[in-house]
Amino acid sequence: MEKNRVIIVMGSDSDLPVMKECAHALEEFNISYSINVCSAHRQPQKTASLTQEAEKNGAEVFIAGAGGAAHLPGVIASYTTLPVIGVPVRTSFYGGADSLYSIVQMPRGIPVATVAVNGAYNAGLLAVQLLSLADDSLKGKLKEYREKLSQGVEKKNELLQEKGIDEYLKEKEK
Amino acid sequence: MEKNRVIIVMGSDSDLPVMKECAHALEEFNISYSINVCSAHRQPQKTASLTQEAEKNGAEVFIAGAGGAAHLPGVIASYTTLPVIGVPVRTSFYGGADSLYSIVQMPRGIPVATVAVNGAYNAGLLAVQLLSLADDSLKGKLKEYREKLSQGVEKKNELLQEKGIDEYLKEKEK
Amino acid sequence: MEKNRVIIVMGSDSDLPVMKECAHALEEFNISYSINVCSAHRQPQKTASLTQEAEKNGAEVFIAGAGGAAHLPGVIASYTTLPVIGVPVRTSFYGGADSLYSIVQMPRGIPVATVAVNGAYNAGLLAVQLLSLADDSLKGKLKEYREKLSQGVEKKNELLQEKGIDEYLKEKEK
Amino acid sequence: MEKNRVIIVMGSDSDLPVMKECAHALEEFNISYSINVCSAHRQPQKTASLTQEAEKNGAEVFIAGAGGAAHLPGVIASYTTLPVIGVPVRTSFYGGADSLYSIVQMPRGIPVATVAVNGAYNAGLLAVQLLSLADDSLKGKLKEYREKLSQGVEKKNELLQEKGIDEYLKEKEK
Amino acid sequence: MEKNRVIIVMGSDSDLPVMKECAHALEEFNISYSINVCSAHRQPQKTASLTQEAEKNGAEVFIAGAGGAAHLPGVIASYTTLPVIGVPVRTSFYGGADSLYSIVQMPRGIPVATVAVNGAYNAGLLAVQLLSLADDSLKGKLKEYREKLSQGVEKKNELLQEKGIDEYLKEKEK
Amino acid sequence: MEKNRVIIVMGSDSDLPVMKECAHALEEFNISYSINVCSAHRQPQKTASLTQEAEKNGAEVFIAGAGGAAHLPGVIASYTTLPVIGVPVRTSFYGGADSLYSIVQMPRGIPVATVAVNGAYNAGLLAVQLLSLADDSLKGKLKEYREKLSQGVEKKNELLQEKGIDEYLKEKEK
Amino acid sequence: MEKNRVIIVMGSDSDLPVMKECAHALEEFNISYSINVCSAHRQPQKTASLTQEAEKNGAEVFIAGAGGAAHLPGVIASYTTLPVIGVPVRTSFYGGADSLYSIVQMPRGIPVATVAVNGAYNAGLLAVQLLSLADDSLKGKLKEYREKLSQGVEKKNELLQEKGIDEYLKEKEK
Amino acid sequence: MEKNRVIIVMGSDSDLPVMKECAHALEEFNISYSINVCSAHRQPQKTASLTQEAEKNGAEVFIAGAGGAAHLPGVIASYTTLPVIGVPVRTSFYGGADSLYSIVQMPRGIPVATVAVNGAYNAGLLAVQLLSLADDSLKGKLKEYREKLSQGVEKKNELLQEKGIDEYLKEKEK
């Protein structure tokens, strides 16, 4: 396995449409990553070895997404002391509360840094924030990103002021 | 490790006051068991080896209890094809809903037979039911147990009819 | 009624699209089964007699699925000491939480082995696990099944590594 | 069994401190009743026969209280076409939501008239309302009861106006 | 207003597709009813007068359906001592939990007989059960209805036995 | 009834220990108020007349607190076009979620301004904010209040910096 | 910025289809307003300055809508002592419970007047009620509005009486 | 303000008994920290300046704890691109679900790394994991810590094997 700074893992390829957003965030900041389908329950030993080998190969952050009895982030965290970011994937049960509680309610000693339900993009961004701690150029890029984010909202607001509600909504639908 | 038919595991010794009820149920039916504290998150490899060795040594059923992001039953199930019974231990978060969802919402291919929140006694009893499939004398004992259960309620009812509500409650408090 | 090892029961034929997954799991392992529509509330006596006769005829495991005030698994459990597996069927109320709580929160003495909401396939698989306790060839098949499960995820992962995210998702949609 | 107009049933004598409030309400209106401990799960046949015999003996309304997978009201309703009032007994799981959903979410054809969690007094009162449909003197008593209820609140209000907040609370504590 | 035995009320005409099921149930048993749109919040005085006049005109049971902060059943109950049946109408908030709690959690002294979320048909049926207390011919009809209900499930079961799962589902879809 | 600017109403005197906080907030700002026990369900007509007379007498804001099927704020809102502030009082059911949903989920046309569960103090403060719209001296007092609030937290922070965690907690306990 | 009496703010333009209902309510009563997209998280300083400048320019009420970790109403409330009305925007997580709790559960000292999930129209109406405290002509218009609301329901009821259920529903669908 | 690597902030000193666990975790790893009471709602500008100055002074990670409408972590995250760890503090409302949802459900662009309800110790540990990314000696200490954690559970298990359930529980109580 080549060296990747961030290791994205998901329990099933049905999570890929959500979890690909992690990759998008990392690509915006030119962070190397691998993205893997690996099930904590169907491949417990593969999950262990993937985690331990990635750590040996210099990985710095794990991002794990799962739904339902979403054990993957916690299982990865049990095999590494690197930071693990957990993404609860939406289910039809309470809108993903099962995934959220299974990921966030970790016991003393083994934290998982949990983001919002389906918050895969933010998981990628959080990974960038962690990596920026030792990388001033990344810090700068994050400030620029934040600036653009703010301007993006501001532009929408200006358009709304100019067009009014109805025309704004019409243009948005196009 | 000596041969035990049922392997009881809990993630923390704080679960012991709940999980000891499994042992009580098994003792009522003279089923051999071991009871272990083993944390899926703090001891992932121990959890794997305990499961695999128990299976090799002839164990027949696992009972695992955990609270919060209660991964232990699912992690054990990922290392064995023997039946795994999960006991969600009560927490102060929604009365244990985090434990329940983390245990019951397992993905396709890896079931955990889940009982009620804090339902450790029933977990032991369910283990006896599983073992009775190949043991007619155990089946007979289960019928007797059920009979006694029914008589126990009936006796209470008779006492209530005899004493009336107020006196019944007074005697019960003693 | 011919001898069937597993008795699948559902409260309404609207549960059949979910519950047929039990049958699929059992067929994969060549386990004989019957599948029945029988309502605990509309046919209480039929539910009692179906349960008791099936037990007399040598049935070994019950699987019962129901939604809403999902009493069927508990009612069946009240008429037998054989293991009863409960499948909470999804409703539009909290995504099936009503079904789940009605099935899993059974009182002391009468356990129901509960699987995930709509987890009918896993219910079938759990039945196979129970039957394997007295059947080494079934144990072997379960190990093979688990192996295939693992390989299936691994193949998807290899394809993802080869194709990349976008192409993988395109092929999957086809 | 002597003739009782209302049959109160609870699944366990641990529900008696809640369910005795049904009896109090019925006594206020001089309605004959029996109060029984009878478990739907531990005594399914007793539950069936109690229900059917009570109906034959002229019972008019059933009140059933239960907690957790609270099947008792629904099981009684499956054996009679008389009105069944269900009392969800509080549990430590979501404050009794498991009891509530198990009782109220009954399928088409078999309603249970559900009252509030621990609402045993109101269950008794509702039974009186049902019986009043064919009993004008009971209707009159209900009007008087309602009048007193209203006056009771009014008296408290007058006391609060007279005493002020602090003194009112002090007197109440005594 | 002509004399109707059952008064169906809903807070908004958007509840009519649900609440019309009450009417269907009552028509099956030839019970006279009126069906009204009357909002507890937008027409508090109309709600009061509708309730009080209906009672004077000989109405026997109220059925009220509402969604969200579903006060209508409780408000009607505050103006009458006749039985009030509440139907929580489904919302997109927790699948109708807001409606359910607003209706079922009534205070001491003013019960509302609550049925399942969207359980309008059962509300109608429950009204019939109440009226049957003083009407033996209605009791007989309820027994016949229950019998048919049971036979309906049995017929489906027979068809399933005959056709098998796949063919049954195909025919059902037609 | 003398003229009071704010009318505090609660459904039961058991809500007084919570609702008296409204009075405290109003007293801090020298706003005249009355505080009343008046039950929407037990005294529907009193509730209507209290509301309508208070409005005639020059009341400006209503604050209503209730628990369970907490209809009081909505019922008051149905009788006035003055602003109504609702206080959901904590219950043991989901920590007061029944009260919250019953108050906040009001239908189109009849809003209730809802504050936090047990948020009676904030309800009083919100009333002051409403009254300040036409009263600049009140606006000034609110700015001062906010300033003090901020200073209060700052002082605690300074003490924590000075004392350190352990000593701070010891002093607080005294 | 011109003087507007009500300032509507939303965190994202995806909330506009919900929040435009505030504007509709205000237009019905000829109340001047501005409507702005401004994110508490992406533009914290803009949020602060928008709030403070609007207050200086004579704004009287804020209405803020947001979904998920819906901090916008609370953040605005932290920068002003004017009344802030919060609109929880529906999400797919528990139907918007995350938005609701984030808005309503404000700490002592900083209330947000919360309306129903997606209750933007009512938020506008509540703003009108606040403004009416110092404006008798607005009070009159609110009484007229309430009158029309009541008549609107009454007309629907009359149509239902005239047409019957089936025809009414057919005409409504057109 | 001296240079501290981790900035702990809580909205109220009532959170200190929970949040002091962050400090304990950091002290175990000799990480410098400051601990502050600063309310997002009562001191919005202080919150902004504390965050921005800490970042200028070389802080690397923020940990923020809050309960109810727990905006503090999100507000801090809006003022920095450094990682922010959020600790939902338990409330009596659903056991802290309000706090959890307010913290974890952050919008795209502004993540908060959320830990379990009351998971302050894990928040401290997660901060150490982040800092270890650029500090190999810290990585070593984390491995040792994890090792000790594992041994701690193992010792308890050995004691349980030696003593048996009853004696183990007796000794623990002492």
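The letters A, B, C, D, E, F, G and H name the chains in turn, as written, and every chain counts its residues from 1.
One rule holds in what follows: a residue touches a chain if its C-beta (ideal position, glycine included) is under 8 Å from a C-beta of that chain, and two chains touch if they have at least 3 such contacts.
Just so we're clear, the structure is a prediction, and the values are computed from it rather than from any experiment.
Asks: Tell me which chains count as touching both chain G and chain H.
Replies: A, F
Asks: Sharing more than half its contact pairs with B-H, counted by residue number, which one of D-E, G-H or F-H qualifies?
Replies: F-H
Asks: What is the distance in Å between the mean C-alpha positions of chain A and chain B?
Replies: Spacing between the chain centres: roughly 36 Å.
Asks: Using mean CA coordinates as chain centres, what's the chain B-chain F distance in Å?
Replies: 47
Asks: Find the geometric centre of each of chain A and chain G from their Cα atoms only, then give the gap between the two centres in Å, rounded to an integer.
Replies: Between these chains, centre-to-centre, one finds 33 Å.
Asks: Taking each chain's centre as its mean C-alpha position, how far apart are chain E and chain H in Å?
Replies: Spacing between the chain centres: roughly 51 Å.
Asks: Residues of chain D that contact two or more other chains, please.
Replies: Counting only residues that touch two or more other chains, chain D contributes 12, 39, 42, 68-69, 91, 93-95, 97, 104-107, 109-110, 112, 116-117, 146, 149.
Asks: With touch defined as at the top, which chains are paired up in contact here?
Replies: In this structure, the chains touch in these pairs: A-B, A-C, A-G, A-H, B-C, B-D, B-H, C-D, C-E, D-E, D-F, E-F, E-G, F-G, F-H, G-H.
Asks: Which residues of chain A touch chain G in their complex?
Replies: Chain A residues touching chain G: 90, 94-97, 116-117, 146, 149-150, 152-154, 156-157, 160-161, 165, 168-169, 172.
Asks: Which residues of chain E touch chain D in their complex?
Replies: 60-61, 81-83, 85, 100, 104-106, 108-117, 119, 121-123, 125-126, 129-134, 139, 142-143, 145-146, 149
Asks: Please give the residue numbers of chain B that touch chain H in the complex, ascending.
Replies: Chain B reaches chain H through residues 12-13, 16-17, 20, 23, 35-39, 42-43, 46, 68-69, 91-95.
Asks: What does chain B use to touch chain A in their complex?
Replies: 11-12, 39-42, 44-45, 48, 68-69, 71, 74-75, 77-79, 91, 93, 97-98, 101-107, 109-110, 112
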